[in-house]
Amino acid sequence: MLQGQVEIHFTHPDDFREWVRENKKREAVEKLMTEREAVARLVADGDYIAYDFSSLTRGPQAMVREIIRQRRYGLWVCAEFTLHETALLVAAGCCSRIDVGFLGYGNYIGRAVAEGKVKVFEWTNGALASRMLAGARGIPFMPMRNLLGTDGVKYSGAKVVSDPFTGEPVCLVPALNPDVFLVHVHQADVYGNARIFGTNLFALEAAMAAKKVIVSAEEIIDPLEFRKEPAKTTIPYFLVSAVVHLPFGAYPGGVPGRYELDLEHIDKLNAIQTGEEMQGYLQEYIYGVQDHMEFLEKRVGWEKLQELIRKASIREGYH
Amino acid sequence: MLQGQVEIHFTHPDDFREWVRENKKREAVEKLMTEREAVARLVADGDYIAYDFSSLTRGPQAMVREIIRQRRYGLWVCAEFTLHETALLVAAGCCSRIDVGFLGYGNYIGRAVAEGKVKVFEWTNGALASRMLAGARGIPFMPMRNLLGTDGVKYSGAKVVSDPFTGEPVCLVPALNPDVFLVHVHQADVYGNARIFGTNLFALEAAMAAKKVIVSAEEIIDPLEFRKEPAKTTIPYFLVSAVVHLPFGAYPGGVPGRYELDLEHIDKLNAIQTGEEMQGYLQEYIYGVQDHMEFLEKRVGWEKLQELIRKASIREGYH
Amino acid sequence: MGTVAEFTDTEFMICSAARILEDKKTVFVGWGMPQVVAILAEKLYTPNLVQIFEFGALGPQSLTPFVRGTMGGPSNVFRSLQWTNMNWAFSYAVTGHIDYGMIGALQVDQYGNINSTLLGGNYARPKRRFPGSGGGNEVASLCWKTLIILKHEPRRFVLEVDFLTSPGYLDGPGAREKAGLPRGTGPYRVVTSKALFGFDEETKQMKLVGVLKGLKPEQVIQGMGFTPLVAEKLVELEPPTADEIRMLREEIDPSGIIIRGEKMRVPR
Amino acid sequence: MGTVAEFTDTEFMICSAARILEDKKTVFVGWGMPQVVAILAEKLYTPNLVQIFEFGALGPQSLTPFVRGTMGGPSNVFRSLQWTNMNWAFSYAVTGHIDYGMIGALQVDQYGNINSTLLGGNYARPKRRFPGSGGGNEVASLCWKTLIILKHEPRRFVLEVDFLTSPGYLDGPGAREKAGLPRGTGPYRVVTSKALFGFDEETKQMKLVGVLKGLKPEQVIQGMGFTPLVAEKLVELEPPTADEIRMLREEIDPSGIIIRGEKMRVPR
C-alpha cells in the first residue's frame, strides 16, 4: 500500500453520525440571523472550512469577510476552487492549513506557502469533490481512478491499494466532513431550505457532509415555494444551521442570473503583491466596515451594484 | 475478507471505457426509431438489463413488452424496484437471472424462484443503486455501511474488507455496468437529450454506466428546449443509443403529472397465479398485438386513457 | 374520544406504530403499511414528521386517500421539500439524519433480525420466496431507531430466521458494531397486532413492553419460537380510537387495500 | 485567407491547439487559455464540439466576448446541454465519455508528465508556489487524449519535473496502466508557442512533429532539458490566419486578457 504521511482532516463516520443526531435538529425552526451572529455562533478557531462555488461565481464572499472581521484563528481550508479568499484568510492570520485543490492565483498566496506561513496538502479538485461525496454518503472513503502515479499521492492523505475486484491499483481518498460549510444561494427560506440556480461544485454533498452549514442567500422566500417545486430544492432545511440574508453576498464575484462580477475590484485583489498592500485591503474593505451592508454602502456603492445587475442580462435557466 | 461466491455481472472499468469510446458517438445524430427497431438493434440475448423507476411509476413498460414480444432469451435483470416486469419476463422465458433488489410481488414470481426456473442473487435496493453509482463514476466498487452482518453478503457478490482509514469492516459492492438501460421519460429530443420530472432511482447513473441506453418518451420536444433550461436535463444525448416515442409508455403504471396508473389492469396482473393464466395474459396483451400503439388502441382504449389523464390532476412540480 | 369495539389486526398495528413516532423527527418509510402509519401519524399526532422514501422524495405532505402502489406517485410525494433520487435518499440515512425507520418482516428473531426473503428450503430452492430486502436492509442498518411491524403470528417469531435479510442486533450486544454497522443503531420497537416489544438495553434481547388491552402476556408469548423478556411494568395498549379508525377508513384508505385484515375485538 | 505578420506567442498557441481539436467530439476544458481555444475552435473549425467544465456545465454555446475569470458564469455556460456539478462532470471523464482534455503546464518532461504545483525547493518550502492541480490531474488522467499547452521556454522542458502534478506517461510504456490509470489514455500533443510535439507510440517519448513556419527544428529544441525525438517528416505550422486573429482580437478576447503576450513574427 502506497500512502502519504500527511495530516488529514478525517472524522470517523460514526462520530459524524452522532454529531448529526445531537446537533442537526430535524425540527423546522427559524434560523435567520446576521452574518455576525452566524460566525460568532458557528465558526470556531481551528475549524475545517469548505465552500461552494468559486471566488468569482456565487462564492460566499461576504461570509468569508465576516470570518476575517471576527479574526478567527487556525482554520483549515478546503481550497476546492478558491482564488482570492484563501489569500485573504491567510493574510488575515485566520488560516493555517490548506487542502489544495486549486490554490488561487496571485503572488501573495504563493509566497505565503513558500515562506511556510501556511501548510498545504496536495489533493486535486476531483479528489476533494470525491472526499466530499464520501462524507455525504457516510462512508469512510471513495475510490478514484486518478491521483495515481503522481506526487499527489505522497503529499495528500490518499492511499493506493489493490482493488479486490480487478486486482489492480486503485486510489482511495478519505471522506471529508468539514466543520463548516459556507454556501451562498439564490433563494432560501427562514428554516434553511435553499435553492441554487445553475451549476455547483458540491452543494448538497457538502451540506450533508458538514457539521455546521451556513447558508447566505440573495433572497428569502416563503417556505411554501420550496414545496411547490421540490425538484429545485438544492439543500433541505434540516442540514442547515443558519440562514443569513446577504444580497450581493458573492461580491466582488457574481451570482448567475442576478449580477455580474466586478472586474475592477477583482483587479484590485489581483494586484496585491506585498504584505503592506494586503493589510491595506483588509483594513479598507473588511476591518474598516462593521458588516456587509456597510461594505456595500460605503465601499461599493449603489451605482456600481446597479451596473452589475444591468450587466447580468442573461437570465435564461436561472429561475 | 468475507465474500459471497456467486456470479456477478462485472465489467472491468477499462473495458467499459473502451466500449464507450467505440460505441457511444459524441456526434448528435437522430436516434428516433420504433420500439421494434430499438429492441431488435440494441437488446441481445443474454444482456444485462436495468430500468428506472418502478412498475407503477414511470417504468418502461412498453419497452419491456416489446422485449417479450421479440422473445429475447437469457436476460439478467437488475430488479431494483420491479413488481410485474420481472414476472412477465420470467414467464415469457426471457429472463434467467435476477439481481434482487426487490423481487416484486405475486405468487407467480415467488414460485418461479422456488422451482429454480430463475436464478436470483441477493442484493438490496441501496446496494444496487450504489453499484450503479460506481459504474457511473467509472470506479471498480463502492463502499457501503450496510449489507454487513446479513446473509446478503453470502448470496450477493459483495465483499467485506477492513477499511484502511478506520480499521473497521466495510462492505464493498462491485460496479454495475448494465448492457442495456431502459428509461421512460417525460420529454426527449431526437438526439437523446432527456428530461424526467419528479424523482428517479438512478436515471443519470445508469445512463452513464450502461453500454446501451434506450430512452422512451411521452413526448419529443425541440432540442433547443434543453439548452434553455440546462438544469432540467436528466440525461444528455451522447449517453443515449435510441429514442422511442411512446406515449403512455409506462402503462399500466402512471407518469407523474401526465396520467395515473390503471389499478384495474394492475389488479389483473396481481391476480395471476398459474402458468396458464400468465400465458393467457402474455398472449392477450403482448404477443397478440403488434406494437404499443395497437396495444393502446385494442387492449386499453381511448376512453380509459382519457380517464387516466383526468385522474392525474396534480401537475405541481412536474414541468 | 373512545376506542372502537371492532377493528382489524392491521388497523391496530397501524395505530400502535403511529403512536410511537415522534413529532419533528425524520422517518424512513417502507412500502405499503408503513406509508399508512406515517400518514396517520401526520394527520393525528405528528404534524411535523418528515417522511423520506427510497424513491427520492423527502418531506412530502401526502394527499389522501392513499393511492396503493404509488410510493413514487404524485399523491404520495405531494409538496415534498425535495425530490431527488435513491442514492441521495439513502445518503440521508447513512449520515445519521434519519431518526426512525419503519419496515415490515416475515420473520423476526429475539435480536430483532429480520427475514423478508424466503421461508423454508435453502437459498437456491426456497419453499416460499418473497421480495427480499428492497430498501429494508438500508433502513434497518442505517436509521437510528427501527420500528418493525408484523402480524402477531407466533410462527413469525423464530429462534433463527430462515434468511437474515436486515440486521437486528445480530447475535447480541456489540455484534452490529463488530460487523461494521453504524454505532448506536438497531431495532427499537416491534409492533404486532397484539403486542409491543422493545429490546433490553444490556442483552439486546426482545422484551415484551405492552399488550393489547384485555390480553394477558401469556396469550401473547404463547407459541413464539423464543421466550421474550417481559418488562416489569407492562403497558396496556389501547385499541384503535374512533378518531384513528375514522381517519383510516374514511380518509386514508377508503378502499381498504391496506387496512383490511383479520377482524379483532378487545377481549373483555 | 492569409496569415498575419505579427501575433503574440499566446495567440499562436491558441490557434495551434484549436486546429487540433476534432469536430463532434467532447473536450474537457481547463481554466483560462483552454477556454479561449475551445471557443475559437467552435467558431471556426469544430461547431459541434462539446465542451465540458469541471464546474458542472456540459456542452455550452459560450457567448463572446469571453468574460475572464468566469468559467462558471452565464456567458461561458450559456445554452448548455446540462448543468450539473463537479462530481458528475468528472464522472463523464472517468467513464470514457470525454475524447480530449486541454490543460496548461509549468513544466513538462519527456514523457509528458506535468508540473503545475511548484518550482524549486521542496514541497514544504518551494521556491515558487503555483495553484497546483485544480482539475488538471483529472483531465490528464481520465480523458482519452490530453493536449498540453505551454509557452515555448526551454526551461519548461525538463528532465524531471519538480513536482509531478498530472500524469503523462510516467516513466515510460505501460507505466500509466501499472499505476492504475485508465488504459489507453495519455498526453496526445504538446502545443507550444513555437512547436508541436506528439509522443512516440513505442517509447512514449516526446517527439517533435511540427515547428512554426520559418523556424528550424534546432532552434526549437535548443536548450530543452531533454532531447525530444524528431519526426521524419516535420509539419510546418502556419502562423495565425487573419481569420483566427480577427476572431480572437475582435470577438473572443477584445480586452486582450488572455491573448496578450510576447510579440512574435514569422522569421523569413
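Labels A, B, C and D are assigned to the chains in the order they are written; within every chain, residues are numbered from 1.
Keep this in mind: a residue touches a chain if its C-beta (ideal position, glycine included) is under 8 Å from a C-beta of that chain, and two chains touch if they have at least 3 such contacts.
None of the values given here were measured: they were computed from a predicted structure.
*Asks:* If every chain is reduced to the average of its C-alpha atoms, which one ends up farthest from chain C?
*Replies:* Result for max centroid distance from chain C is chain D.
*Asks:* Where the CA atoms of chain A average out and where those of chain D average out, how many Å apart are those spots?
*Replies:* 29
*Asks:* I'd like to verify one number: the distance from the centre of chain A to the centre of chain C, where each centre is the average of its C-alpha atoms, in whole angstrom.
*Replies:* Centres of chain A and chain C (C-alpha means) sit 40 Å apart.
*Asks:* Which residues does chain A have that touch at least 2 chains other than itself?
*Replies:* Residues 13, 138-139, 145, 163, 168, 170, 198, 228, 230-231, 316-317 of chain A touch two or more partner chains.
*Asks:* Can you tell me which residues of chain D touch two or more of the remaining chains?
*Replies:* Chain D, residues with two or more chain partners: 57, 77, 79, 83-84, 87, 94, 142, 182.
*Asks:* Name the touching chain pairs, please: which are they?
*Replies:* A-B, A-C, A-D, B-C, B-D
*Asks:* Contact residues on chain B for chain A in the complex?
*Replies:* 1, 10, 12-13, 134, 138-145, 159, 161, 163-166, 168, 170, 172, 174-175, 197-198, 228-231, 316-317
*Asks:* Would you pull the chain A residues touching chain D in the complex into a rising list?
*Replies:* Going through chain A, the ones touching chain D are 53-54, 56-58, 80-81, 83, 100-105, 109-111, 113-116, 119-120, 122-127, 129-130, 133, 145-152, 155, 160, 163, 168-171, 198-203, 205, 254, 256-257, 260-261, 263, 266, 312, 314, 316-318.
*Asks:* Give every residue of chain B touching chain D within the complex, in rising order.
*Replies:* For this pair, the touching residues of chain B are 13-14, 16-21, 24-28, 135-139, 193, 204, 208-209, 226-228, 230-231, 233, 236-239.
*Asks:* Give the list of chain D residues in touch with chain B in this complex.
*Replies:* 24-26, 48, 50, 57-59, 61, 77, 79-84, 87-88, 91-92, 94-97, 99, 142, 144, 182-184
*Asks:* Taking the complex as given, what residues does chain D use to touch chain A?
*Replies:* Chain D reaches chain A through residues 31, 54-57, 63, 67-75, 77-79, 83-87, 90, 94, 117, 121, 123-138, 141-142, 163-167, 170, 175-176, 178-182.
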